[in-house]
């Protein structure tokens, strides 16, 4: 905590006198001559993070599906995160572009580098990573006060939840990312970490791939207590109906086909805290069934 | 002859200038002229010189390469439905490129891998079709179609097992996309050199198109010529696919359309294909990046949408 | 003007034993007719003489040099061939088809000059197909295409003309016209060697005849020596009757 205050102080002071620097998630150090004023976010998660870091009014463009916070809907789009309109991007004369390590096309990112456009690659993989990225983004944008505060709020919230569920009864969970083909996540994925936080045991947590494609048989064999998936607003939709055919499944027998709001849990942003609270509550309900 | 070629060259130049001026940011002719002279605003210079010029030249080179390769394949196989991919070249290139993407290699190595895959596919088909000492167009075609299907199966397998986040990149490559071309110069050089090399052989190709026996009776060394043309067509296609992925239709439709209008003399058709194919792809690419901007379409979709009605119209008129 | 010799030539007909060794001498001014039933090897002989097929043994000599030693282009300047079967090919107009006859005479960088165009034009006119100059070849009738093929050979203008059943598909008027054309070529010291189905055409127009039997036997010589009834009946496995008409023998099948 004290360490954070010192860091904040240094950041504030040094931003007045020297280059603004930060290390991105690909390990590169980016130094800007002054705080960024015109920022382009090349993923919906990056958009959310910029607003959470207090730099929402400095974002000049986003990509499709950047729907949170609602203010982002008014910003112009430069295409899809898999295919960016480079001309539109350059025409906005950005002084900082936030890229997604594994999501944006490498060839276009290389082109940005070749054209000397300052870019910062992010890909938070842990809760700590989310806090850290908030701090670094706010440093680059010169909004350290809001950014660091938000990072602290998030960190504290996650820590509290973690403490609360430290001794919770373990619940086996299958998280369904996609129905056709059937996809799930392992414990390296942020969603996997949310499950672990709430005392959930991801039945596919040890799989080598981040987003494995599995068969229905594997799920039947694992027989989880809970089957969880993301939906719009957390409402019950048809995505888990197929499991109702297997009445012997514990999750079906005990009515544990559960939903969580997709946009909360799918992005590496401070809203993961709400997502975690939601999931933890759902798992509590499942424990009682 | 020179009249039609000059006309095509003029159209090509106009298409290139249009492509430089049009985009997500429209640049008026006056500003375009400024940039050409070396002045103009920094943004315009970046847009035109760093983004649009390499992309447009790459599109022109790719279109030219595919159209010439298509014309050569059609003569070689004596089949107006032949296109540069008919012998499985693009499949081999695709497998090479996708493997490189899966391995996480950089764009330069992806291109190199695609090229290697294309040349491997060439030699594979040639070797398999050789059979008992001679290959006929039919044998070559059948072998090529089967091998192409084989590559298709491998590609499908790779798409099925690759990580979800790599899929968009792979699909865009398969659909044909000029935006990845970082430098147009290899493709342009290959195109220029090939045209120079093939022109002395063009009349021989006219004779070869009458049938191999007839050609031999008129003094054409048929086997060496067929080998040379096939290798050249493969090199052109491999270069095109390496530059912009597998762009469809250009290689099939452009030589066809030109033959409907200009006749069958390869001495005209080959250079005309280079110019017309390049023009078509430049126009298609301009549309692909602007029609629903900021969304970017793959150029192969546009070549089909443009090429098919054009061809039908010409076919109708030639009746 | 060139001469075509064969030295102990045995053709390669797959699946058939070695035939007679042929020692032909095709000289300027001669017009040879090759007669024989289907399957005797007439087309194979023609293709071998043109250097398109290898012989099983023996040699074909053009002016003293073996064909295997000569370059394709040089052979094409001396020997021309009209095929019996039309091959599948790319579309082309009649004029374009005739013009390719000039190919052996032009270097890679040259294109057809006015003189070449004239030759082709004349050839097409001689064969009565010049009014079809701009028509696509595949829209013509069999007979018209046959005449275009002959016009192509005429445009090529080699010393030695090889023709594989050139009178197929032609109506009577054009059959006579073509045979007269061939005879005219011999009067300017060219050599003509053609396969014929119609024995009577050979009788009327040829100076020399080669008989090819299905079992590989062959005999050849001046026309008056070769058109012997017994030999022809054995060749065609058909009884024949002969009459004189218009100064030349006429052979018809005996039905009785």
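Lettered A, B and C in written order, each chain numbered from 1.
Basically, a residue touches a chain if its C-beta (ideal position, glycine included) is under 8 Å from a C-beta of that chain, and two chains touch if they have at least 3 such contacts.
On a predicted model such as this, the values are computed, not experimentally measured, just so you know.
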Common touching chains of chain C and chain A: B
Identity of the most central chain, Cα criterion: B
Distance between chain centroids, defined by C-alpha means - chain A, chain C (Å): 83
Approximate Å spacing (C-alpha centroids) for the pair chain A, chain B: 41
Length of the line joining the C-alpha centres of chain B and chain C, rounded to whole Å: 44
Multi-partner residues of chain B (each touching 2 or more other chains): none
Contact footprint of chain A on chain B as seen in their complex: 23-25, 43, 46-47, 50-52, 106-107, 163-165, 168-169, 172, 179-180, 182, 289, 293-296
Contacting residues of chain C [partner chain B, same complex]: 47, 50, 52, 72-77, 80-81, 83, 87-93, 96-97, 100-101, 103-104, 106, 108-109, 111, 156
In the complex with chain B, residue positions of chain A that touch it: 64, 76-80, 82-88, 90-91, 93, 102-103, 105-108, 110-111, 114-115, 183, 209-211
In the complex, chain B residues that touch chain C: 74-75, 78, 80, 200-201, 203-204, 206-207, 209-214, 216-221, 259, 263-265, 267
